[in-house]
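Each of the next two complexes has chain A plus one other chain: chain B in the first, chain C in the second.
Up next, the complex of A and B:
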């Protein structure tokens, strides 16, 4: 299968501290790749580099063959790249439906002049976007909260709204930063099944940063283990489970 | 029925404040600064409109209709030339540039049109109309009507168009907005355009009642700013309501006391209100959940 995401020798230092250190890995199209490591390993920084929020000091990133680092942030959605955040980055005073509809801001657009003047083309584009937003909310069981302001919703529901906002544009590459944080075992198992379905049925490529090992082991095709910004292991869940270095550096530490 | 003409003239003055106040809030939402040059942009636009009236002999109503789109272009251009290049720096830098724009437009108007006041032709009939036994000025009604139409259009734009919603989204979380594919830089340009369009309209609306000169907007931008803070600087409807309230209060105070007292009264009232309600009269201050 072709590679959806290729990371080559990525490095980023914050005032001498190497947050990402000569990191390389690939993710095949339609697969689920887990990115794991102890706290402070640099996982979120890696996602930030891959979404143009942080600019790496060195290295190359390509997404579906396109040079990602040559693109501005607002062009990522057009490439089919979306992500969710550990601490939520919603439009807090908009309704859930408005938030999700903003997820298709990049597609179904009538040109900014038409949008500004409220031309019929803009109104049609808006209707399509909102119809898809409603569909996506309903698919996640959120139809009841569509017209609620997201700041008033419980944290878990906000997380789902953020996921809906990432999914509504049908991205080709979805990056998720700790989606299972705060979930119980049953919820995280359901999330794992949902992630597998997105990859298997929609061909979506997923990069998953997660601490919930049950979820990572059951949902991922491959796992990349990062410690202090460096890749220490890569392989299938079975291989990672058996890797001595991983057990020492990460699982051992977590168990202690 | 002496209260009716007074109420209407208060609402008319408040409408002028509101257009400037809305312009200030729109730019503040997009770029986190107060544009001190807002009034001078209005003054400059009004001078340009007056020159167009005299040179091309356009009907006054055409000039009024052109004010919004031409003001939009002026504002968008100013943002692209003066603000965008420094927008990555701290907001204070942008604030200083808006002060610079204030003096630039103020001096430019002096150089081009001199320092003497000009008359601006009336936009509305000047004969008072009798409403319920009171003489009402058509100019007041006209100003209120134009402002209400603009406010309704702004409401529809921000609440019911996708670009308007995207602008609000970009103001709440520019970071996430970019990831959704929204060009946050362009939102700032459009905000400056909208704000300048509204201000030029306010200048042209007030011009026939005062005079057109270099200082015409100085007290109006202060009042627009004050009115917007009185209502709540973070919300467009609250800011507009604050400006209207300020206009009406001033009108009544003006009849009870001397007009010199009017200005200080407005600011005393605002200080008092903000001590009791820091977010403004119509905005609840959200307490951060810990």
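Up next, the complex of A and C:
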């Protein structure tokens, strides 16, 4: 299968601290790839580099054959790349529906001039975006919270709203930063099934950063393990579970 | 229904109010509508876009002098000069927005303040064009060659242009573009990840806000009949901010209330001339603290308190 995401020799240092260190890996289209490692390993920083929120010091990233680093951050949605954030980045004062509509707003917009004049094109764009947002909220069982201000919702619901905001854009590549944090076992199992369905039924490529090993092992096709910004292992869940280095550096401590 | 009836009542009173007032009342109504345009533009920039400006007196000056010079020296019709002064102020707004692409908060406040001081200084020094310290005379507003000799007549033109701006702002606030500006204000990282071009949106909202304020300035000069750089000081920029916040940044109603507030406040405060600056400052702080959404949010607040009282 063709590669959806290729990362080559990516490096980023914060005043001497090598958060990402000469990292390479690739993710096949339609597969689920786990990115795991201990706290502070650099996982979020890697996602930030892959979504143009951080700019790496060195390296190359291509997404569906496009050179990602040549593009500005706001161009990624158009390439079909969406993400969620470890410490929620919702539009706190807006309703859940507004938040989700924002996920696909840029693709539908009719332009400033049409919007100022209230032209039918601008009104239709808004209707389409909101219809899609409602559909996506309903698919996640969230239709009841659509008109609630997100800041007033429980943490878990906020996470789901953020996921809906990413999904409404029908991304080709979805990156999730610890989606299961704060979930119980049943919820995390359901999330695992949902992730598998997205990959299998919609052909979505998923990069999953997660500490919940049950979820990672059951949902992922392949797993990349990072420690101190370096890749120490890469393979199928079975291979990773059996990898001595991984057990020493991460899994052993996670199990303890 | 709940918004249609009050809106109709507001339109009806705006249209009929001059019939019950004398010339000075007409003048104050003109000023209220002129200020309301500025409040509307600050609502866009600060309320929707989350970008501070304490230099809006600078855009006001660009519009006022721009229009006056075009009418006086180039004999441009007043309506065309309105358009031109809007475009000119919008362009200057683009320039001022450049620092906003890099800095925000206090730094942006200082950058916009610096800009307005520079503008006023240039206008002051350029006396061949602006009359410098003597100031300049400005002709009355006119419409298709007919001079609007009284403020009664001018008021309806100002009101029509204000209505146009209200319509534009309401359209924008209801659109995906307005949603994108809100998103950018609340989390610029997430908004950009959703495809919002931060630089483009910031430049746009600054330029639009400056353009509306520029047109307001053009009316101001024409109603006053003369211009001097004393009308565009830091105190004026601050009083603009105060009015926008006292009225309420997040609604058109707030902008209209803000305009009325700033037009009538000097009448009430006349006895406290040297305290004006202090009073505006205190009002600004008090509203930000106790009624952050301004007078426009008062009915909603009172209703909530009433409900709590019932329970």
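FYI, the second predicted complex is superposed on the first by the 255 of 256 C-alpha atoms of A that agree within 3 Å, B and C clash if a C-alpha of one lies under 4 Å from a C-alpha of the other, contacts with A are read in each partner's own complex, and residues count from 1 in each chain.
The rule is short, and it goes like this: contacts are C-beta pairs under 8 Å (C-beta built on N, C-alpha and C of every residue); 3 or more make two chains touch, one makes a residue touch a chain.
Nothing here was measured: the structure is a model prediction, and the numbers come from that model.
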item: Clash-or-fit label for the pair chain B, chain C on chain A; value: clash
item: Which superposed partner A:40 touches (first chain B, second chain C, both, neither); value: neither
item: Which superposed partner A:156 touches (first chain B, second chain C, both, neither); value: neither
item: Touched partner set for A:203, first chain B, second chain C, both or neither; value: neither
item: Partner chain(s) touched by A:83 [first = chain B, second = chain C, both, neither]; value: both
item: Where chain A meets both chain C and chain B, residue numbers; value: 51, 53, 72-78, 82-83, 85, 89-94, 98, 101-103, 105-107, 109, 112, 115-116, 118, 122, 125-126, 129, 165
item: Footprint of chain A on chain B - complex, ascending; value: 156-157, 161-163, 165-166, 168-169, 172-173, 175-184, 186, 190
item: In the complex, chain C residues that touch chain A; value: 167-168, 170-172, 174-180, 182-183, 186-187, 189-198, 204, 208
item: Touching residues (chain side chain A, partner chain C) in the complex; value: 51, 53, 72-78, 82-83, 85, 89-94, 98, 101-103, 105-112, 115-118, 122-123, 125-126, 129, 165, 169
item: Touching residues (chain side chain A, partner chain B) in the complex; value: 51, 53, 72-78, 82-83, 85, 89-94, 98-99, 101-103, 105-107, 109, 112, 115-116, 118, 122, 125-126, 129, 165
